[in-house]
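Look at the two complexes coming up: chain A is in both, with chain B in one and chain C in the other.
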Partner chain A sequence: MNLRLALLCTALLLASLAIGPVDLLAIAQTDPALARTLFVELRLPRAGLALLIGAGLGAGGAAAQALLRNPLASPDVLGPASGAALGAVIAGYFLGGGVLGMAMGSLAGAGGGLAILLALAGAGSRAGGTTRLVLAGVAVSTLFGVAINLALSLAPSPFALYDLMFWLMGSLADRTLPQLLLAAPLIALGLALLLRAGPGLDALTLGEDVAHSLGVALPALRRQVVIGIALVTGAGVAVAGNIGFVGLVVPHLVRPFVGHRPGRAILPAALAGAALLLAADIAIRLLPADLNLKLGVFTALIGAPFFLWLIRKGL
Partner chain B sequence: MALAGWGGSAVAAPIPARIVSLNLCTDEYLLITARRAQIASISRLGASHHETPLAGRAAGLATNQGALGGVIDQRPDLVLTMGASPQDMALAARLGMRMIALPYPQSPAEVTRQVQRIAGLVGNPAAGTHFARQQAALTATMPARATPALMLGGSGLAPSMQGLTAGWLRLAGLAQRQSGSVAIETLLANPPPLLIISRYRPGQFSGSQAWAAHPALARIKARRVAADGRAFLCGGAAMPAEIRRLRLALAA
Partner chain C sequence: MAGSLEAHALARPPMLAAVNLALHPGTMTGVIGPNGAGKTSLLRALAGVSRGPGRVLIGGQPVQPHPRTLAWLPASRDAVWPMTAAALVALGLGPSALLDNAAVAAALAACDASQLAGRSVDQLSTGERARVLLARALVAQPAWLLLDEPIANLDPGHRIDVMLLLAAQAARGAGVVLALHDLDLAARCDRLLLIAGGQLVADGPPAEVLNAAHLARHFGVQRGGGGQGWERAAD
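Then we have the complex of A and B:
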């Protein structure tokens, strides 16, 4: 399955590199330098970021669902993504931190969101209720959402307000090579942490006591997963804004193929997340340009009905 | 000109002594037509150097938040705005306030008519005549052949090839050649002969600024001229000066 998903990712990556408003091959024959510029500075960052951010969101969703043992958990539903967005908004728009500041703010926001959620999750587990945990996550997400709305209302000008609103919709259009180089190591590190946590997360499905008796150091595992999710979510939000529902949808798509072992779902979820975001980004480029549909809006349009289906199915 | 208003004929109304403007574009109209003593307040945008080149004229004037409910205690005898909601118009009527909501102008000629109308309302028709003369002078000296150009605002958005901005650009001797969202790839592969970059809040971090700073944009082989994005926000009272400045920049 992983090989098939990897092949699908490769095909979509190549398609993403090939699709654009101008014919790159024709330009390469007449002006190779221009073709190189178009490829390296425009198409490569966009396709590369779609691949990495999709992989990060997919793996982050799978890890969040495994750690919290809840099928409705994902970075964008339970708080880390909105925490990342809030951190980026404050750092970039109110503290004048620029692109680097947004990345730092985004990472801090994602980590802070997860830390709050885990603190509440601890209280929830003592009370023995996953419903309480999900409610806590929704509350964290709502709290950050309200804080983002407050930031919008405090925007220094109508221009900044519109700009913030568009940024929050999520997009990969016209991203730069430095943004790719900024996000890539952070997401790669996050992915490595999440993949390493796989066996521990599998053991956690048997319960905390059994996992502990099997030698899993739960505080270290939680820390590792929290940092991993914060890295993939924070880096993704910092360069692309909010891209919702990938982290929620993708683990459910791959879980039936991995024997419902959450730790084993992380790699295929990363590959499927990359494929889904690459496909979504290609799709919005094929839509009429005047529509100007944002990537985050598109993924939410796909993900929200799936979320409703999950609720109806009783997961 | 279609003026939505309340309180009977504007021509018969007495000259207002306490005027409030709720909108940046009507702020600009007021700043070039009314006496300072007549202005009870303008919107906070009209007093900001980030939003209008005319902000220097607003120094010392009271400002408001652009909402009708926030200026009631100023007891205005005339409220000016642009594109007001029916609810605001109804509220003004209930409160017995004279409120005039101008439509968004679609051409430089319509801007001139609006300025003249406001100048007449505030009892200073000479200011309207002065503005009309400026625009007539620009029209009379407009280059016969327009140079194809592409004006770009934030995030690669190009204004319409017709309409208010295109009309002002034509007075500068330019013909907007494309509208809508323009991809950087398209700009690189098919650069316009002249690129007019609308500069607005250049020191403030934004997605628009990030787009404008894209390394690939630096490689576009086109002459670039900067436009004052503040003046183009309304495309109104500040435009004659901006068009003269653009002409000089183009001639340099």
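Then we have the complex of A and C:
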């Protein structure tokens, strides 16, 4: 299945690179330098970010569900997603940080959310850890959500408010090469941490006590997964804003194909998440431009009814 | 096989007062006591899955968790993900082990669960799931088996089967420690630990521990007249 998903990702990546408002091949005939610039500065970042952020969302969702042993978990539940959004909002709109500033703010927000979460959940202790982690995550997420609303109401100008709201809806339009180069290593590192946690997360299926007796170092595993989720989520939110439902839905799509082993679902969830986000980003580019549909809105519009259908089918 | 399992001043206040024990490989030790006596607290402490005062040593060394060293079977029969019984049993081989289909099949067969191998664990009855989870504990052939109520939820035939299976595990040299409520089957153990009020109140062979005074005092029962099972003890 992983090979088929990888092929699908490759096909969608090529399609994403080929689709745009202008015909790059035609431009290349007359002005190769312009065609190259358009490709490297616009097409490549958009397609590359869809691939990476989708992979991060899928893997982050699968890892969150495995760690919390809860099929309704997603990176949003753990807090770093809303922390990242808050950090980016503060840095980008109140400190005038620009692209790099927003990215740093987002990572700081994800890290801050994570630090509060770990402190509240007592990550060093083993007993009852995951339940406390869920509760702490919900509390941290709610707090950050309210803080984002406060930031919106304190926006320095109506234009800033408008920008801010659109950015929070999630989009990959007009992203640039530096944003891709910034996000790529962070998401790659996060993915590597999550994939390495797979066998330990499989053992966690049997409960924390049994996983411990099988030799899984639970505090280290929990740290590794939460840091991995913070990296993929923080980097993703930093450049694309909030993109909902991919992290929640994708693991449910792939888990039946890996015998419902939650750790083994991380790689296919990454590939399926990448394919889904590439496809969604292509779809919104093919829709009429005056609709101005944002990627995050689109994924939630498709994802939520689909998830309801999954629940009705018996998940 | 590893050496003896020793508990030094092991305590989990307020559930379990300090206890010193030496358990030996090749024997089947039953842990009995009324509800809330501290049996699970003792087993969890021995298995190293709860933190607190005291030390547990195997062969004189602190326990390094490993599938072949010690298997812990909690009383819970929950299964979060709907994986097959065979996949669940395979998890008992440990996170870094290669899949050993022969070991999985043997463990399922030992627990009379071969016919359940391909079924999703969320579709099994509680008793069937209990047998699959026991197979998970056995699959890596651990030196020590610490089992919290492995025969609860089982029908009478499978209860006897499991007791015979655990005796066979002891015969191969494993140390078996199990909590159980069935006092008739407890008599099949080599040694019984009677826990009451968080204290180890009796430790010895079943004939000695299951005496009328202990039964009446700690369980409130006595053997019925004419071999008619159990009845409430007179105050």
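In this text, the second predicted complex is superposed on the first by the 273 of 315 C-alpha atoms of A that agree within 3 Å, B and C clash if a C-alpha of one lies under 4 Å from a C-alpha of the other, contacts with A are read in each partner's own complex, and residues count from 1 in each chain.
Everything below uses one rule, namely that a residue touches a chain if its C-beta (ideal position, glycine included) is under 8 Å from a C-beta of that chain, and two chains touch if they have at least 3 such contacts.
Predicted model only: the values in this text are computed from it and were never measured.
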| item | value |
| --- | --- |
| Partner chain(s) touched by A:D290 [first = chain B, second = chain C, both, neither] | first |
| Which of chain B and chain C A:L42 touches, first, second, both or neither | first |
| Which of chain B and chain C A:A203 touches, first, second, both or neither | second |
| Partner chain in contact with A:A160 - chain B first, chain C second, else both or neither | first |
| First, second, both or neither for A:I27, with chain B first and chain C second | first |
| Which of chain B and chain C A:V99 touches, first, second, both or neither | first |
| Chain B/chain C common contact set on chain A | none |
| Residue ranges of chain A in contact with chain B within the complex | 20-22, 27, 34, 37-38, 41-43, 92-93, 96-99, 156-160, 163, 166-167, 174, 176-178, 289-290, 292 |
| Complex contact set, residues of chain C against chain A | 44, 47-51, 64-67, 70-74, 76, 78-84, 87-88, 91-92, 94-96, 120, 136 |
| Chain C-touching residues of chain A, taken from the complex the two chains share | 69-71, 125-127, 199-200, 202-203, 205-207, 209-210, 212-216, 255, 259-262 |
| Contact set on chain B toward chain A in their complex | 45, 48, 50-51, 154-156, 180-181, 183-186, 188-190, 200-201, 204-208, 210-211, 214-216, 219 |
